[in-house]
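Per-chain numbering from 1; labels A, B, C and D assigned in written order.
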Amino acid sequence: MSEAPTQATNPARRAGRMLLLIAVAVLMSYPLLWLIASSFKPESLIFSDPGLIPAQFTLANYLEGWNRLGVPFGIFMLNSAVICVLAIVGNLFSCSVAAYAFARLEFPFSKLAFGLMLLTLMLPFHVTVLPQYIVFQNLGAVNTIIPLVLPKFFAVDAFFIFLLVQFIRGIPRDLDQAAEMDGCNKYQIFWHIIFPICRPALVLVAIFTFLWTWSDFFSQLIYLNQVEKYTAPLALNLFIDATSGESAWGMLFAMSVITLLPLFILFVLFQRQIAEGIATTGLKG
Amino acid sequence: MAQDTVEAVITGKQATRDATAASRRGEAWAALVFLTPWILGIVLLTALPMIGSFVLSFSNYDLLSAPRWVGTANYERLLFSDPRYLKSLEVTTVYVLVSVPLAVAVALIIAVTLSEATRSANFFRGVYYLPSLLGGSVAIGVLWRQIFGSSGLVNISLSGLGFQTTSWIGDPRYALWTLIILNVWQFGAPMVIFLAGVRQIPKEVVEATIMDGANPVQRFFRITLPLLSPLILFNLVMQTITAFQAFVPAYVVSDGSGGPIDSTLFYTLYLYLEGFRNFRMGYAMSMAWVLLVIIAVFTALSFYASRFWVHYES
Amino acid sequence: MTAISLRDVRKSYGGLEVISDVDLDIETGEFVVFVGPSGCGKSTLLRMIAGLEGINAGELLIDGKFANDVPPARRGIAMVFQSYALYPHMNVFENLAFSLKIAHVGKPEIERRVQAAADMLQLTPYLKRRPRQLSGGQRQRVAIGRAIVREAKVFLFDEPLSNLDAALRVATRIEIARLKERLADTTMVYVTHDQVEAMTLADRIVVLNAGRIEQVGRPVDLYDNPRNLFVAGFIGSPAMNFLPATLTFENGSTRIERNGKPLVTTGFTSGGRAGVQNGTLGVRPEHLDLASPEAALFSGTVDLVEHLGEVTIAYMRLDDGTPMLAKFDRTRELEKGEILHLKAEPSDLHCFDADGMALPRR
Amino acid sequence: MTTFPRGPRLDRRGALKLSIGGAAALWLGSATQGFAQATQIKASWYGGQDTHDRMQQALALFSEKNPDIQVGVEFAPFADFYDRLPVQYSGGGAPDVHRHSMTYLFDYIERGLLADLTQHIGSTIDISGLYPGVVEIGTAGEQTQAIGNNQIAVALFYNQEKLDAAGVTGALDNLTWDAFRDMAIELGQAGGDQHYGTNDAGGFIALFELFVTQRGKGLYSDGALGFDRQDLADWFTFWHSMRAERGAPPPSVTAESAGFQNSPMVRNLAAMQTGWCQQLVFFQALMTQELGIHACPSPEGASDNGHLIRALDFWVAPARSAHVEQSARLIDFLLNDEEAIQTLGLTLGGPASDKASAILAETADAPSAKILNYLEELRPLASPQTPHWISGHGELESLLNRLNASVGFEQTTPEAAAENFFSEADRILG
C-alpha cells in the first residue's frame, strides 16, 4: 500500500476526464446551438457561416415565419398546448386509479391483468392505429382532438401505470391501514392518501405526457385535417413544404426552435425530476 | 362516542363468517371500479383493434374498398417474396444492432465518468440528456437533414479542415449511419439510468476494492459492470423495443421515402408506405404483427441470454 | 367489564396457521401487553383486533358484541403504528383531524378535540408542521394524538417504540405510562418484543409463542411463576439459567439430581407425575450468590466478566460444561479463570418437567 | 290546473313550432334545404403555401358570391395529403370536394369512390370552354368522375446565363435526346468541378412517358404497361450515360434534391432542370439569374415529337358526399369564374381553357407569361392524345425513381433494372 492515490487526487486523470466530458458536451450541444444561432442569422449566412455567434443578428426569421402559414404560429402552439393539457389530465386520472388497483388491491386475475398491462408496453403502435382510426371515424371524431385526448382517459400509456405502481408500492402500507382505521374506504384512501402522496410521481407523469404529446407527429397527422386545428409539429411539417417556393431555412429553423421551446423550458424547470424519472422508470425522454 | 362504535356491531352470537372473504369481495369491487378506465381502454382501444388488425392481416384490405379474405397470402409474400420487406428488415436490424449497443455503451462510459466528477455532474448530465428529450420531434429531423446535407454543418466543418466532403444523407452507404448517429446522440436516457445505478453501488464496495489494490480499469470490469448488469439489460431491451419502432427520424430525414434506394427504409416506414401510400393495409397489418412477434422474441431472447451475464443481488 | 374478548380465534395464511386457539378477555381500562419473539403472531393478533386482518375462525367480541365483520373504523378502536404511519402530505393538525373529517365531525368540534389532544401531548407549537419536520419522539406523540382525538375506547400500540433510539425509548415509555394514568378508562393493548417495556407498562402481559398464548398474568407473576420453560426464558434479563437435571417423582414430590448428585431443594410437588424424567432446573442470574464450597449448589469457572457499573455479570462454565450467568453487585471483584461456588434460595429455583412445564411448589 | 285563454295558447304553440324548427335547422344544419341556412361543405387540396393562400382567397370569394354555401378548408403538402386521403375515404370523412392528382386518381375511380358528376355537367358545371382532354381523362364509359383543373406539360428550364457562358444556347433549337445529352455534358464540364448539366430526370415518370410516346407507345395501354423492357432499359442507359460525364449529378446529389430549393439548378450545381411547366414560377423565385423554358427533347427526325399537354390535377367529389350539388357549383366557380381564375393564377397549373389563358395573359408577370407562351406554342405540336394513368401509378412512379437511383449507385444494370420494373409492375398492377 505504498502508493495509493485515489482517483480523486490524481490530477492527470481528472484533467483527462474533464476533457472527455467537455468534448462530448460540445459535440452533443453543437447541433442544437447551431440550430438556435442559425434561426437568428440572415438566410445567406446560415450555410456559409457555421459559427454560433451570428455575424449579423436578425429577428426576421421569427417575424416572417410566425405568419407564414396564414394562421399565426401561436395558434398551432395553442392547439398543441390544449391537447397536452387534456392528455395530462387524462393520464393523471386514469393511470393513477389503475396503478392504485394494481399496487394495492387484491382481485381475481390481478397477476394476469398486470402482465397484460406490461405486455402492452411493447406493442407497436402500428398494430392498433388503423382499426382505432376507423372507430373514431365512425364516431365522427376525426378532425377533432378527441382521438388524441380521449385514449388518455383510458389509461393507454402503460408506462405511466407501471411508474405509478412502482411508486405506490414504495408507500408504506401502514398509511393505508392508518387511514382505514381513521374511517376511510378504498376510494377515500386513494383520494386522501395515495393520490396526494404520489405527487412526485404524478409530476413525472405530467412532464412526460407533455413531452411525448408535444412531439407526437403521426397520430396528429392522421387525425387532424384542418390547418386551424394543426399542432406545432404538423405546422412545422407544413412549413417544410410551404417554404418550397423560396429559400427559407432561416424561417424553418426559427419555427423549429419555437416548437422546441416548450421542451427547453420544461427541461430547465424540471431538470431534476426528469432525470430522476428516467432513472427510476426507464422512460425514454 | 361509544354510539359510533356500536351502530354497526351486530349483536348476539352468530355463526362465524369468513370476514376475510367478505372484505376481499369488497376489495375486488373497488378494484373493478378503479380499473374501469383501464379495462375499457385495453378492450376498446387495444384488444379489439388488435383483433381487427389481426383479421385484416389475412385480407387484401386496401382502405378504400371492403377487405377480401386472402388467407395467409400476406404472410407468405412477406416472408418469401418481398425483397423490399427483407431490405427493410435488414435496415432495421442493422440500425438496432449497431445503434442500440453503441448508445448503451456510450451511456455507460459517460455515466461512469460523470459519476466521478462530482462538482460538474449536474451540468453535464443536463447537457447530455437534453437531446433525448427532444427525441423524435420533427424539428430534430429537420435539423439532422440540414446537418448531414451536402452543404450542411458537417461538410462545412470537414471542408474547413481540408477533408473531402460527401453527401451523407444522399449516399446509401452513409444515410443509415446518420440515423444511427442520431440515435446515439440521444444516449441521455440510458445514461441517466446508469448514473442512478452507479450511485447505488455501495461506497464500501468501491473502497474495499481500492484497499484490495484494484486499478480503475479492473474496478470497472470487476465491480461496476457486474453490478450494473441488470440495468444494462434493461436499457438494451428498452432501447431495442424503441429502436424497432423508430419512425419519425427516418420519415423526416428521407422525406418519407426511406431513400436513397431504400437505405433508410425502416420497418415501420415500409409498413407505413405499404399501408397508407400503396393501399395494402392488409399487408401492412401482417407486417405489424410480424413486428410484434419479432419484438417479443427479441425481448424473450434477451431475458434468456441475460441469465448468463446479468448479475442479480439476491 | 370486558372490553375485548377473543374466543378460539384462529388465523391462517394458506395452509400455515399463524394464530391458533387464542382465548383472551381484556378488561376495560386495562393495559395489556402482547409480548413474544418476532414471528410469534403478536402483531397479527393485534391487527385482528383492529380489523386490519380477517379472522378465519372463532369470535371477536368488542363490548360484548360480535365484531368479526365490523370494519376497522367502526370498532371504536385507535391504533398507533410501529412506523407511526403519519400522512406525510398533511401537517400535524390535519393528521390529527383526518379521522374526524372523514367522519364528518363539525369544524368547531374538530378544533376542540385536536386542541385538547395537542395540549395533552405538548404538540401545540407544531400543529402547522409536516411530519418530516418533526423529531422521532414528536412523531410518536402525533401518532398517539391521532388515537386520542378519536376518543376511542381501545388503543392498540404496535411496537410503538422500536423506531426510537435507546434514550428516547425510555422517555417515551414513561410518557405512555403517564398517558395510561390519564386515560384510565381507555383499554390499551400494546405489542412489543421488548420484555422491559412489557414489564414496566403492563397491567397484564400475554406471552405469545408460535401463534399460541403461553401465559397470561401480571408482570410479577410471570417473573415469579413462569408457567413453562418458554416464559421463564423470555421474561427477565439476563435470561434465566437452565440446567439439565434428572427428576424423580415419588409420593407426590419431586427429587432433583444433577450429574448423579441430589440437590437439596424445598420440595416441588410431582403434580401427579410419576417415574423418572430428564427435566430442567432454572435459576435467574440475579438470584445466585457466592457460597462456601461446601454450601454451594453449583461450582464453575469464570470465562468472561462484564462490568456494567452497578452490577457485574460473570459468564461461567460449570463442571459438566453447562454455561451459567451470575449477576452480582459491583463490589464483587472477579477474575477470569476464578472458580466460583454459588448458591440460591430454594424458593428462587424453578423446575420444569420433560415437557417444559413448571412444577408446582409445595 | 290553470286553463289558458285560447289566444295566447295558440301563440305559444306557434312559438314552440318556430323554435323547434329553428333548433332543427341548427341541428340539421344544411341538410334541410327549405331553410335559408348555409350548407357546410369541406374543400381540400394539396400544394405549397402559394396554393394555400390563393385557394383560400378564391374560396372566400365563392362564399361571398354563394352565401348559401359555407366552405370549410383543409390543405396539406402533397405527401401529407395523400397520407390522409385514403384513411378519410375509408372512414367516410373525405372532404366534399378536393383536388386529386392523376398519380392516384384512378386508384379512386376504379374503386368507385368518386361521385359521378355527369348529371351536373352542362347544367351546373360549364365545360364548354375547357381544352380537349381536360374532362375526358376523368371520364370512363358513361361517367365523369373528375374534372381537370389545369392543363400542363413537362418542360425544360434553363439558366440563360450559364447556357450563354458555355456557348451552347443554340443547341436548344432542334433539341434531340442526343443533342440534349451533349449539351448537358458540355454544361457540366463548363461549370467546373461538382457541376452538372441538368438534374437527373431518370425517375421523372412523366418525362419517361414522353420518351415512350415519342417511340409511338404509351406509358400504359389497357391497364398494363404500354412499353417494352428495352424502352425502359434505353431510358436508364441514357441517364446513366448522362451521369457518367457529369451531364447529370450523381445519385447522392439527386437523393437530396427533393423540394424546389434543393434542386441542383437552384443550388447552382446544374444549368438546367426538368419539371412541370408551371414550376418555372417557383424556380425563378429562388434564383437571381433569369430562367428560360423550352420543350423537352425529341427523337431524331420523328414526325410526332410526342409532347403531351393534358390535365394532371382534378376536382372530384366523393361518392359518399351528401353535397355533390354544392361541390359541383364550387368546381364550376373555380374553373370558370373570372375572378377565381385571376385569383388562382398559375398556382394549380396551366390554364384549363382559352378563357383562362386569356384572363391570365392580361396580368401575367414575366415567368407566368413564359409559361403561358410555352403552353400556347406547344399546343399545336402536342399529341392530340391525352392518355391517362392507371391505378397503381403512384407506386410505379416511386419504383421508377428507386430503380433509376439503383442504376446510378451501380447496384444494378439498366437491363436488370428494366426487368425488375416489369416484374414489380406485374405484381402492382396484378
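As a working rule, a contact is a pair of C-beta atoms (placed from the backbone, for glycine too) under 8 Å apart; a residue touches a chain by one contact, two chains touch by 3 or more.
Fair warning: this is a prediction, and the values are worked out from it, not measured in the lab.
Visitor: Decide which interface, A-B or A-D, involves more C-beta pairs in contact, and give its chain pair.
Guide: When the contacts at A-D and A-B are counted, A-B has more.
Visitor: Average the CA atoms of each chain to get its centre, and name the chain whose centre is farthest from that of chain C.
Guide: Centre of mass proxy via C-alpha means gives D as farthest from chain C.
Visitor: Take the average of all CA coordinates in chain A, do the same for chain D, and state the distance between these two points in whole angstrom.
Guide: Going by mean C-alpha positions, chain A sits 38 Å from chain D.
Visitor: Can you check how far apart chain A and chain B are, centre to centre, with Cα atoms defining each centre and the answer in Å?
Guide: It comes to 15 Å between the two C-alpha centres.
Visitor: Averaged over CA atoms, how far is the centre of chain B from the centre of chain C? Could you give it in whole Å?
Guide: 55
Visitor: Approximately how many whole Å separate the CA-defined centres of chain C and chain D?
Guide: Those two chain centres are 92 Å apart.
Visitor: Can you pull out the residues of chain C that are in contact with at least two other chains?
Guide: 71, 103
Visitor: Mark out which residues of chain B touch at least two other chains, giving numbers and ranges.
Guide: Counting only residues that touch two or more other chains, chain B contributes 151.
Visitor: Residues touching two or more other chains, restricted to chain A: which are they?
Guide: Counting only residues that touch two or more other chains, chain A contributes 130, 134, 237, 240, 249.
Visitor: Under the definition above, what is the set of chain B residues touching chain A in their complex?
Guide: Going by the criterion above, the answer is residues 24, 26-28, 30-35, 37-38, 40-42, 44-46, 48-50, 52-53, 56, 110, 113-114, 116-117, 120, 122, 124-139, 142-144, 146-147, 151-153, 156-157, 160, 185-186, 188-189, 192-193, 195-196, 210, 213, 216, 234-235, 238-239, 241-242, 244-245, 247-248, 251-252, 268, 271-272, 275, 281, 284-285, 287-289, 291-292, 295-296, 299.
Visitor: Contact residues on chain D for chain B in the complex?
Guide: Where chain D meets chain B, its residues are 79, 82-83, 86-87, 89-90, 107-108, 111-113, 251-256, 258-259, 267, 394-395, 398, 402, 405-406, 409, 411, 428.
Visitor: Which stretch or stretches of chain D touch chain A in the complex?
Guide: The contact residues of chain D facing chain A are 44, 48-50, 52-53, 56, 72-78, 80, 83-84, 87-88, 90-93, 95, 259-261, 266, 281-282, 285-286.
Visitor: Give every residue of chain A touching chain B within the complex, in rising order.
Guide: Chain A reaches chain B through residues 1, 4, 6-8, 13, 17-18, 20-21, 24-25, 28-32, 34-35, 47, 50, 93-94, 97-98, 100-102, 105-108, 110, 113, 116-117, 120-132, 134-135, 151, 153-156, 161, 185-187, 190, 211, 214-215, 217-218, 233, 236-237, 240, 249, 252-253, 256-257, 259-260, 263-264, 266-267, 271, 274-276, 278-280, 282-285.
Visitor: For the complex, give me every residue of chain B touching chain D.
Guide: That would be residues 62-65, 149-151, 166-167, 169-172, 175, 255-257, 259-262, 276-279 of chain B.
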